[in-house]
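As written, the chains take the letters A, B, C and D, and residue 1 is the first residue of each chain.
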Amino acid sequence: MIHENRGRLLIACPDRRGIVASVAQFLYDREANIAASDQYSTDVEGGTLFMRIEFDRDGLVTYEEQLCSEFSQLAKSYEMEWRYAPARQRKRVAVFVSKELHCLQELLWEWQSGQLECDIAMVVSNHRDAEPLVQSLGIPFHYIPVDPADKTRAEREQLQLLEGNVDLVVLARYMQILSGAFLAHYRERVINIHHSFLPAFIGRNPYQRAYDRGVKLIGATAHYVTEDLDEGPIIEQDVTRVDHRYNASALRIAGRQVERAVLARAVKWHLEDKVIVHGNKTIVFA
Amino acid sequence: MIHENRGRLLIACPDRRGIVASVAQFLYDREANIAASDQYSTDVEGGTLFMRIEFDRDGLVTYEEQLCSEFSQLAKSYEMEWRYAPARQRKRVAVFVSKELHCLQELLWEWQSGQLECDIAMVVSNHRDAEPLVQSLGIPFHYIPVDPADKTRAEREQLQLLEGNVDLVVLARYMQILSGAFLAHYRERVINIHHSFLPAFIGRNPYQRAYDRGVKLIGATAHYVTEDLDEGPIIEQDVTRVDHRYNASALRIAGRQVERAVLARAVKWHLEDKVIVHGNKTIVFA
Amino acid sequence: MIHENRGRLLIACPDRRGIVASVAQFLYDREANIAASDQYSTDVEGGTLFMRIEFDRDGLVTYEEQLCSEFSQLAKSYEMEWRYAPARQRKRVAVFVSKELHCLQELLWEWQSGQLECDIAMVVSNHRDAEPLVQSLGIPFHYIPVDPADKTRAEREQLQLLEGNVDLVVLARYMQILSGAFLAHYRERVINIHHSFLPAFIGRNPYQRAYDRGVKLIGATAHYVTEDLDEGPIIEQDVTRVDHRYNASALRIAGRQVERAVLARAVKWHLEDKVIVHGNKTIVFA
Amino acid sequence: MIHENRGRLLIACPDRRGIVASVAQFLYDREANIAASDQYSTDVEGGTLFMRIEFDRDGLVTYEEQLCSEFSQLAKSYEMEWRYAPARQRKRVAVFVSKELHCLQELLWEWQSGQLECDIAMVVSNHRDAEPLVQSLGIPFHYIPVDPADKTRAEREQLQLLEGNVDLVVLARYMQILSGAFLAHYRERVINIHHSFLPAFIGRNPYQRAYDRGVKLIGATAHYVTEDLDEGPIIEQDVTRVDHRYNASALRIAGRQVERAVLARAVKWHLEDKVIVHGNKTIVFA
């Protein structure tokens, strides 16, 4: 499934007539074949247009520098924000985890079975629970305990490990809040799984609070992390049905199935460059 | 589907050994046949036991006064809260509605097709939109406008209509907040449909706020109404998937399908005496 | 929501490089603005490309004849099968129904609330059950009983009513099988709702057979009708959960919710020209 | 979560008045406390009653022989089929697998996290793919290739391994058909996951056939295995949404999520004695 000659263009720009034609013509003129194309406009008149195009082109590896340079001309004339990503370049992922391992396991399982287009560069944890599993797969494991009195030290260590080595950080039930300073290095590149259907139950202990409120469904939310806790752009959400017989512990167990499925989908879409962040929302061309 | 000789017992009491045996024996001794039985205990040791029993007994109509009188003896010894409801006695329902009619229509449709065990005693509205539909079915329609400066007047009029005539009030997208004084007359007998997945988006304009937040699912919640707005015991919830292409108006339209389904289920369960309120939660023996 | 100046192009053709660019350029040159665009290719190399484009263009009404004539040139060079549909032209629908009215009611409700872009030209039935409902809405109702010994007579009468008057026939639980002769007049324009999750339970009495088999979900399928009973291209399917407590009659009642939702979605997509039939399958750009 | 003093009674018998009272009284007289109770009657008059009772009783281990002996008297008078299972006795499970490991992995994951009340006695496979995973967890792995010309030899070997050692056989994508002779040893104790929504796509290659038919949902079915291929009593089913973009391979990948979830639920219910087989159906007190 590695597409040596496949490239992806993600575009956001003010909508106006002729954009699709221009981009399509641009690719045609360069002997590229459009394999998939999605577009969405917030409003046909005066809105923002979002596009995702996958194209195939022989000899892309040696050609893409020129292609991007030329596209930047076109992009300028349409005031585009855009990025290019070659499909062959697997993103490097660091997974952060604490004691609950189900989300990590799901990601590793999907990765092993070839469903996640990435390399797992490392697993970082403030506990040692994940170590045997991670090392059995030959993935580097870094134990970095977090001192509640001085979190910056752990973050400094983490950043050193990540630097130049990692494209995406996945918080797979990592129970520490990352600082704004940390996040500034990975804007729109830190995905968290929150164990509730946001914006319900922001913050701590969502399952206990779901139990106290007596909800009939519980959920999970995968989102990009911003400085505002649990307020970042939502990528994916899902729920599962519960009833009066579930206490907080049973909700927690039932919730695991949703958490791991939701996180895996969100990470997969990110890795395939299917997510565009727009303000505090996402456009997902899934 | 009218069960002339079917009765329903709903029981809540401190859990202890022998309760099931005692109740079952009580019914057996009175020649009643248990048709359905559900029970749930919050904790086997020191918890609260909830039971719902449906039983059939020949000649129930003339016998049930005696049966209840005798059962109250048993109930006392186990410190039961309980109620008895004969299945043949259809509850009388008042539906309150404003301008959006989809929930009302769903209830009327289910009622016409025999799925709701009730009589629709009346429809009350602060607008005239529902009038033709309601009257075409021969159901009394009462137009009671609400003066924002003096809501008590409308409520007084409503209470007069309801008094002695109605067992359940269903707020089928009725966009007025009922006062505590009103609710005191119908404790655990006013069901509202809220157009969000509570506790997300409590209060006004949930679809607009769902849009602003960029959620990937929208929901609806049916709950008993208490003085705390949108905080009453939840009976049923459900969600439907949306994506970035839905603006607030499209969310509103998509949400209608969930609202009407959730409300119809909640009302149906209430009418069949399948819901027990316990603190701020419900046990639903669906 | 009526788009006076909006047109829709649906295209199927052998996939090759430059199609998207050509079509986009064609529209740009004619001052049309692409409002939505979907494409799907069965295979980038040697496959079939399917496109749906919605565009806006001032003065479309007086221009579209010329536009289509010019597009047919382009279409020829790419060996396209294509059709053009102006969004302003509401399709005319005939609903066929027998005794169960829930699907008809759902369609009428969606139509009344503006969710279905169509005119209901007539309701045809082999029973009189739907007559009061239909006439109360001012829609022509035609009672055409079907003689089991000679079905052609009823079909002849139906065809006379439909001729030149109807774009789509919806079988909303119409319990008669239409002949190939009838269907030949409305190829890919007769939608049926089958009360099972096809290909499970093809033919008669699916709920009884679902009960006999002990399934844990029941479903419904909306499909275009072909001469092969229940074998036509599937447009939409859905399921709902059941358990051992459901007898055949309870399955039937639970199934109604799925049937009406599935049929309404399928009809809506057809009316908005979102469905392309390809062999015995559909591409749905929903 | 091990309940030393918890017992489970599963009962099927002709429904008549007094059964619940008798069973409850029986337990009360023996100082047992009913922790959970479910019942279902196919028909109140002349039907079959199914009951599942969980009870707690001090010193159950030394008492249960006597309790069962005494209960057999009661059972006889009501013509009950019944079984008793102590909750503390974890069932021993053999998992059969071929080359696709996702269902096995899910079971192992649930088992490791304490969600499956069982011991994994062994994994048996006609391939070596699962060996490293299984052995890394310290579980015995048996490689038993199957000779298409003489399957009895493999089955003989399997039966020897299982004999006296295993309570449940789970076919977690084991791609061999077991003979009636084999199944006779494990009646209602072999659970298979079939990768379609039965009875759709019985037999080979369901995903290819789902693709060919153009379905809009794909499913999975967990069922007890009988001699009639894919016709045994269904325990659980579920589906997931797909669309025209899924080829057979994509359906296969999407289907894995459903397969593993459905199988895990079915196995869990079996292990907790929540499933009663009745003819070709199941009653699941989930």
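Methods note: contacts are C-beta pairs under 8 Å (C-beta built on N, C-alpha and C of every residue); 3 or more make two chains touch, one makes a residue touch a chain.
According to UniProt, the chain labels map to these proteins: A, B, C, D = Formyltetrahydrofolate deformylase.
Computed from a predicted model, the values in this text were never measured in an experiment.
Here the chain-to-chain distance from chain B to chain C, counted in touching steps, is 1. Between the interfaces B-D and C-D, more contacting C-beta pairs are found at C-D. At the interface between chain A and chain C, over half of the residue numbers appear on both sides, which makes the contact a same-residue one. Ranked by distance of CA centroids from chain C, the top chain is D. The geometric centre of chain C is 41 Å away from that of chain D, both derived from CA atoms. Look at where the CA atoms of chain B average out and do the same for chain D: the two points lie 37 Å apart. Interface of chain B with chain D (complex): residues 16-18, 20-21, 24-25, 27-28, 31-39, 41, 44, 56.
Residues 40, 197-201, 213-217, 219, 233-239, 243-245, 280-284 of chain A are the ones touching chain B in the complex. In the complex of the two chains, the chain C residues touching chain B come out as 102, 105, 109, 113, 115, 136, 253, 256-257, 261.
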